[in-house]
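Structure in structure tokens, see below.
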Amino acid sequence: MKEFSIDVPVEPPTELKPLFVPIPAEYVEDAYKSDEFIVLVGPQHPGSGHMRIIVKVHGDIIVDAIPDPGYVHRSMEKIAENRLYIQNIPLFERPSIMDNANFNLGYIRAIEESLNIEVPERAKYLRTIMAELCRIGTHLYDAAILAVFIGHTTGFMYPFAVREIICECLVRMTGARFTSSFIIPGGVRRDVDKKVLDFVRKATFEIERRLKNFEKIFIKNPATIARLREVGVLSKEEAIKYGVVGPFLRASGVEYDVRKIESYEAYDDLDWEIVVADEGDGYARFLVRVNEINQSLNIIRQAIAKIPEGDVISQDLFEGVDSSTKNPKDIRGAFYDVFANLTLPLGETTTLTEAARGLLLYTIVSDGESNVPYRVRIVTPGWLYLRGFMESLKGERLADLQAIYGSFGYFPPEADR
Amino acid sequence: MKVEKVEFDALSRIIGHLNAISVGVKQAIKPERITTEYPRERRKLPDNFRGLILFEKDRCISCFRCAFICPANAIQMELYDNYYPSIDYSKCIFCHFCVDSCPTTALKQTKIHDVAFKDLDEMVVHTDEMINPPELLREDKITVEYKINGKLVLERKREVEDLIVDVIPVKRIEYHSACVNPQNCLGDALCALICPTNAITVVEEEGRRIMKIDTAKCTGCGLCVRECPTKTLGLVRREG
Amino acid sequence: MLDAIFEMFKGNMVYIPLIQPIVNALMKIPIVNYIVALILWKPFFAVAILPGLGGIMIVLLLMVYWERKLTARVQWRVGPLEVCRPLRGLIQPLADGLRYFFQEVIVHVEAHRPYYVQLPILTFIPVLLPILFIPAGEIVAVRSQYAIQIIVALIALIPITIIAIGWASNNRFAYIGTVREAMMYFAYEIPFVIAVLAMILMYGSGDPYVIVEKQTVPGIVMNPIAFLVFFIATLMATSRLPFEIPEADQEIAFGPFVEYSGILFGIVMTLAYEKLYIMCLLMTILFFGGWSGFAIPLLGDLTPAIWLFVKAVVIMLIIALSRSIYPRFRLDQALRLGWTSMLGISLFSLAIAVVKVWWLG
């Protein structure tokens, strides 16, 4: 049969030119000459966050997706080069404020490794509790965003309500709801008393109880399952190939968790498991994180039960410093004397941390004499799995973009740094 | 640990629908609300809450530590009879590094977190405004506290919480500055210039300028130690 | 001529004992008596007051408030509260309406200007047309033997206005939303018609009066399967969650209504509620015994209208809960649901009706 085609002169929209879209003009023309068209999702779109995704669709099916990140780039690495080592602590928890403890932990462990400071056991446990609280908070935040992306407003509110309990725990421990800046080289800023730890332990049970409601109304809701299963599938090989990290890698069946492989803080002393799923679809990615919340609650309970008495600030810090107080349970009064002239020995230190959304890498390069870092390199999980996120979009429907976006929990400020 | 497989056949779907609807109806009848109606109620905050910073002038030794450590450059020292800190709250990120840096507990945390400013200029809070807590229009009559006894309960009490925290001053090791390496001294008198209490005087002796330190006047702030280019000065523990 | 019309009005007036003395007094005043007679003329009353426009206004104010408040309650929040605190924020919808009213209406350059502005107002026509045929006891505009069939046919007009709105907006998202709306229309319409057909078969007539008379047992008990189909079709037709697919604000930013602002948005936003109201009136007549209920002597002719209205509103208030329970299905899933499960169930309900009529009498 002879194929007929009607040549309709199609003008590619000129509006794409002044938008500084990172695609060549021919790309747009090609799309318009074939049967496809281009949809710009974001950055002012209710379902895109602070980024733009340039989506080429054929009918309702996504053919190609090009990310356009960088709308919330804050040049953290460059700012860090002009600040004291200690002043970078509040800076480096900014990329992902829900996940502040994990982000601080990576940076501070790099400093400690370089200076060879032995952290007291109690401080390690306190850091572990904080890191896990932040992990739960981040997973809940992502679950909430996923829920609202697929139109479930109750699924948005419940995790935020549960996160309020976590905020209450954190405010009692550190004095701030987020951006606690509580972890310092050599320990934590001050000891947390028994009453507060008891509250945190009780809160874990309350979180678990409230999550049961969330599970019934959102996680196990057939409509949610229908939206998320078999959507945005990344096979094990693909996930490894595209360098996906964290819970999203584990959802594709790869058992990799920095907390187990290069254990830090108190994770080695505690009994917990890596959560893995085989499917690699959106629902598996979501379920892995939901199960990780349960694991984290378990870790917190164990850590509170096992926490030893003792100092929270390393004695090494006070050696050779004329600080006006040398209290190993509270840094108050000695903060400046101990940390202001912190100088790292010449060399390069790298740490890997398992942040809530995956692998977090910090590299500090020091010139050995100045009290500011020569170079700090952060590689955040969001940036690492952006490629896998874009690849998983291909071949899905346009309506699935938000579902996949939510299932990855992509957080532009974190990826852009 | 493998994630449990979620069934998706017809029966489990119907059960899923019924479960979801049952939770919806249950919460509609008896919700587990956690709302605090903020201006009328106020959450009880812990004593270590990092809020607005107050200043106690008598304790301050003008050591500039708070201004140096501030990651956001929010603290400027202002000259009165001596140098005292002022905070620009448009920059402040409430990390309280300054509070922790203060060796004499002159800076104190409070639970105040809701001060309104009219413009950006007003957000620079000068030293004399930091001594007394700002005037707050308190609408709250009820204090809400999170309590967990098996279940989260928002305990509401008819009381107005005091937002000022009693801070116990840290036990301080007293220092005073001294010429620990007198042979290094260049006689540039930078220490005398920087000293906020004028404890250092310059004396001419045998054609050389020698610094005399009045240990009674010295507060041990360490500014001269930091300023000295040749590491002549050092902090020495005060006797007794 | 005028007197003839006046006599016609007077001959067919709503009799309400509660306000009858006032009506009598007003009827003695010239000019005013014409207006009073017109308002209380049954066909006019049905369209303009109850269950017509007046009912729609009450429903809009109540529904918007109730939906927000109920959703907030399920979600461990409080909901609108600050507008008139003693009434727990009851007049919030009024405040919202006022805000819409004073907001600037932006008509963007590429929109088809005349249609873009007209269509939101024109949407009232297909909404009000079915109301002509919905009777509430004696209060009825057009009495027809085929009222139910006509109502179903007229409801099918409403999506056309939405599609026209999307076309006039000339926007990518509006276009996608329009296509989705058209697709959804095909998903629910056939099962919906079959479910109504099953009920008409069961009652043996499309006349609401016969239907209400025959419902000694409510229709929901007689054919629950048809009710299920009707209920899901109502959710689909009015873009309620889980079928809020044409408007999906996270995906296509309110779809056909993406470009609207100000009072025009206020009007198009109410469209779904108006459609829901009509569907609920129809549902009440078919499944919940219509306007039957115990008589309130003080209200006279108004009693059936009140019963119909109250029943429909209660159903609407229950439907509002779906918003807080479900996420949104994808378009292809909704279409699959419409063309497989719902079509199957609706045919099953038709079979039940056939069995009941021919074998059981």
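In this document, chain identifiers A, B and C correspond to the written order of the chains, with residue numbering beginning at 1 in each.
FYI, a contact is a pair of C-beta atoms (placed from the backbone, for glycine too) under 8 Å apart; a residue touches a chain by one contact, two chains touch by 3 or more.
Keep in mind that this is a model prediction, so the values were computed, not measured.
**Student:** Please name the chain that ends up farthest from subunit B once chain centres are defined by their CA atoms averaged.
**Tutor:** The most distant chain relative to subunit B turns out to be C.
**Student:** Using only alpha carbons, which chain's centroid is the nearest to the whole structure's centroid?
**Tutor:** A
**Student:** Can you compute the centre-to-centre distance for subunit A and subunit C, using the mean CA position of each chain? Integer Å is fine.
**Tutor:** Result: the chain centres lie 46 Å from each other.
**Student:** At what distance in angstrom does the C-alpha mean of subunit C lie from that of subunit B?
**Tutor:** Here the centre of subunit C sits 59 Å away from the centre of subunit B.
**Student:** CA centre of subunit A versus CA centre of subunit B: separation in Å?
**Tutor:** 28
**Student:** So which bits of subunit C are touching at least two other chains?
**Tutor:** Counting only residues that touch two or more other chains, subunit C contributes 74-77, 324-326.
**Student:** If I count partner chains per residue in subunit A, which residues reach a count of at least 2?
**Tutor:** Expected reply: 154, 161, 217-218, 221.
**Student:** In subunit B, what residues contact two or more other chains?
**Tutor:** 20, 23-24, 27, 32, 34
**Student:** If you look only at subunit A, which of its residues touch subunit C in the complex?
**Tutor:** Touching subunit C: residues 39, 45-47, 60, 147-158, 161, 217-218, 221, 223-224, 226-227, 397-402 of subunit A.
**Student:** Where on subunit C is subunit B touching in the complex?
**Tutor:** 70, 73-78, 81, 321, 324-326
**Student:** Give the list of subunit A residues in touch with subunit B in this complex.
**Tutor:** Touching subunit B: residues 83-84, 86-91, 154, 161, 164-165, 168, 171-172, 174-176, 179, 181, 189-190, 196, 199, 202-203, 205-206, 209-210, 213, 216-218, 220-222, 225, 229, 273-278, 283-284, 287-288, 291, 295, 322-327, 330-337, 339-340 of subunit A.
**Student:** In the complex formed with subunit A, which residues of subunit B make contact?
**Tutor:** Against subunit A, the touching part of subunit B is residues 1-4, 6, 8, 13, 16-17, 19-20, 22-24, 27, 32, 34, 45-46, 48-50, 65-66, 68-72, 93-97, 99-105, 109, 146, 148-152, 170-175, 220, 222, 234-235.
**Student:** For subunit C, which residues count as touching subunit A in their complex?
**Tutor:** 71, 74-77, 172, 176, 241-242, 244-245, 248-251, 253, 323-333
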